[in-house]
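Both complexes below contain chain A, partnered by chain B and then by chain C.
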Partner chain A sequence: MTVVEYFLPRSLAQAVDLLSRHGPDLLVIAGGTVAMPLINDGISLPRQVMGLRFVGLDEIEPSDGGLRIGATTTLTSLLRQRHVPMLAEAARRTASWSIRNMGTVGGNLFTPPPGGDVAVALLALDAEVTLEGSRGRRTLALSEFQTGFMTTALEPQELLTGIGVPAVAGETTYVKFGRKEANTPSVVTVAVRVARDGEVVTDARVALGAVGPHALRARKAEAVLVGSSLEPGAIDEAAEAAAEECEPFDDGIASAWYRRAMVRLFVRRALEELVQHVALEGR
Partner chain B sequence: MKVAGHHVLDAGPREVFDAACDPATLLAVIPGCEAIEQVAPHEYQGSLVLRLPGVGATFRTFVRLVDADPPHAAGMEGRVEGPMGTIAGRADFGLTEVDDEPAHDGRPGAGSDGRSIASRTLLEYRGEAVIQGPLARLDSRFAESLANTLIAQGLQALNSHLIEASSTVAPASGRPSPREAPE
Partner chain C sequence: MGSRIVSFELCGREVEVLVSPMATLQSVLRSQLGYTGTKEGCRQGGCGSCTVLVDGEPMMSCLLPVEDVEGRRVTTIEGIAPVAGLAPIQQAFIEKNAFQCGYCTPGMVVLTKTLLDHHPSPSRDEIIDALGGNVCRCTGYAPIIEAIEAAAAGATTDAGRDAGDWPDPSGER
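And now, the complex of A and B:
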């Protein structure tokens, strides 16, 4: 079986219409970096494909102090924006230039672990996703969008159209640990955001990647940090909590045991880095 | 591909077993299930739509209930066919009443939504399947992780369905929960 129809809609309305007319057998791609290897290897054998390159969802715009990111914005564009440094860093540490030039922010949210690092940074920023289909538009917290390994809350007639990053308080740190420095799948990815009132932490996000069925929040670690002053004891306790609550897996990159140990190490490092950063800024 | 696991459901074994054999319930709780019909006693066929990253496909499904020992255990032989290949295998599950076990919130006699329930069932499953066709070229981690995700989502949906069904039944039909039992 080969692709017999390739649709290139010029607007979101056209894309939604095509999806509702052709149903879930229509394979939707944006950058193609997830789908094309599967098609080239004969694993995915779609008869109909819809490319979202020209539907006009590739803009990044400031919005109410936050950011509005079109779903087909490339990772290179995300890397170049200066509004949210942690997102630029997350994009910079994702894959290679050639992949970043094609791969999209929306597509990255569908990438199974150990890929999909951008979602880790977006989770720490309380990002939301916008889904649109023939039945209308809805907004969902990113933490509710990714529901399991390679599964999402996307309904058969819906498209992911955008990602909203609200104006959130606090300092952020993003750490990715792989087997090499660049263009590497993650052993673990950690994104941290901490808001403080004076010395006391009032709000915390600890997001983890490559140690579960999808990017996930380490909520017990977050609870440990709230009310603390990021003292070494609290950081150690949070790192331990994150290591306990993650759900690591074995693959060719690392064993589950090693991934859990690296969660403990890199959550601690991320928090220590954040403390150092705040101390330097305070001088 | 091998899968195994367990899940605690907020209903008695009889209710769980009956729900697992009811086409309308299966249609409501199996992720991506578009159609299901009973074609013979203990035999069902239907279609499953999965939109996965890089893949959008409809799969034909066939399931036969075997070695049934209601409401304690049963086996399921099944086959899923689609453009990416075929998955064929067998899964066995056992149902054990666990009304004295701590519930989801750690309290005895409380369901996942915190309300009092009459009994609870531990569902234990184990299955093995052979993947043939293009799908077989994927790392087995992908197939197993995806299968475990779909099973977990299906069982969560089944639990919600059971809770909803029990809320429409007169409370007198259930035994008092430990929290409600007179001292």
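And now, the complex of A and C:
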């Protein structure tokens, strides 16, 4: 452990002030479930660290039919909310009970693949992030926030303070596939949202996790779905498109080849599940 | 700058301890406070042998800077057992052979305690769900699940009997 100073600010203003005084050398942690393992192993050797556990950004509030989620809201709180079932499901499939009691929703947006299971659901919901620093506050689409492998649009003097989820338009499904059922790194995670006018799809989101540098939208697959009636041919074509446009990698969990094959399979299953849901509800 | 005093409630007792910056709760419990019931496995959040309760909620003490528990209530395996004898959960673990080497057991028992506080009669699926972050390399989990079911049902033969009454493997006592 190389840490010489650990700051625990009690408000956002204090946190922003510490960040502007200490600059980019100050490592920020929230739940610590990504940062602490690296520190324990000596892979990360920070001298100054700021913990966000007491800054008071841990509330979830309904807002305009959607949700306002404070950045340091725990995954357990996300699991317990009832407003957006897909987010509860994404939290339920993330890590384990003890880790969910520590890990935060904001931290999940910084988690490198194959992590980031909640980010995938947020991407399918068109979530926005709020960033605040000494130069003020700005809002960005999540799709613009995640810029690469472990890189984001966050400026050095900024903190992620909240996540905005608009009212959910359409139906959703969330599927995470790992090597085991619980507490498992993802082979592929799929979050789908489809809005329809009668039978015809008017808007579609197909978000993929663990098959790219961060959560990705499969835009070609989305384009296939819009205008379709989710008939089997369209579902197959969308699954094929998603498999082509994803950017899978090899790791200890799965090969890139296998991940691509599983994208094809699980995008199809997610869409089939969605069709079934709607059929059941329509009865 | 540097070291500071952190105070919190540990198993019902107020403790104050001088810690170096960002020492983990796990290392402070084990190396400074002598509470070695909390184990050290992976230090990656991945095994659950370091599970403790913070304000009644399970957390991995290997990932928790000790400064973060200032003013809070920490319960370790040492706080689960009554002053004399064993808690029903511990008794259930013995009767169902829910451990072999015992390394995972403190984490498992602490987790079970909070599971039963939250859900006095959990379903088998809820038990399995709760155990998702706690690894056991010996038992194959089935005896652990059975022990938790037994503890929930109050189905241990003699909950809380004196530790001195343990069956003695040598047969002589």
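What we mean here is this: the second predicted complex is superposed on the first by the 282 of 283 C-alpha atoms of A that agree within 3 Å, B and C clash if a C-alpha of one lies under 4 Å from a C-alpha of the other, contacts with A are read in each partner's own complex, and residues count from 1 in each chain.
Here is the rule we use: contacts are C-beta pairs under 8 Å (C-beta built on N, C-alpha and C of every residue); 3 or more make two chains touch, one makes a residue touch a chain.
Small disclaimer: the values here were computed from a predicted structure and weren't measured.
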Combined model on chain A: chain C and chain B, fit or clash: fit
Partner chain in contact with A:Ala195 - chain B first, chain C second, else both or neither: neither
If touched residues of chain A are counted for chain B and for chain C, the larger one: B
First (chain B), second (chain C), both or neither touched by A:Ala261: neither
First (chain B), second (chain C), both or neither touched by A:Val278: neither
Which superposed partner A:Val168 touches (first chain B, second chain C, both, neither): neither
Degrees between the directions from chain A toward chain B and toward chain C, using C-alpha centres, nearest 10: 120
First (chain B), second (chain C), both or neither touched by A:Leu27: first
Touched partner set for A:Arg53, first chain B, second chain C, both or neither: second
First, second, both or neither for A:Ser98, with chain B first and chain C second: second
First (chain B), second (chain C), both or neither touched by A:Ile43: first
First (chain B), second (chain C), both or neither touched by A:Pro112: first
Nearest Cα pair across chain B and chain C, whole Å: 12
Contact residues of chain A, present in both the chain B and the chain C interface: 1, 36-37, 39, 41
Chain C partner contacts - residues on chain A that touch it in the complex: 1, 3-6, 8, 32-33, 36-37, 39-41, 49, 51, 53, 76, 95-99, 101-102, 182-183
Chain C residues within the chain A interface of the complex: 1-2, 20-24, 43-45, 48, 51, 54, 57-60, 62-65, 67-68, 70, 111, 128-130, 132-134
Of chain B, residues touching chain A in the complex: 31, 49-58, 83-84, 134-135, 137-139, 141-142, 145-146, 148-150, 152-153
Chain B partner contacts - residues on chain A that touch it in the complex: 1, 23-29, 34-39, 41-46, 110-112, 147-151, 154, 156, 213, 249-251
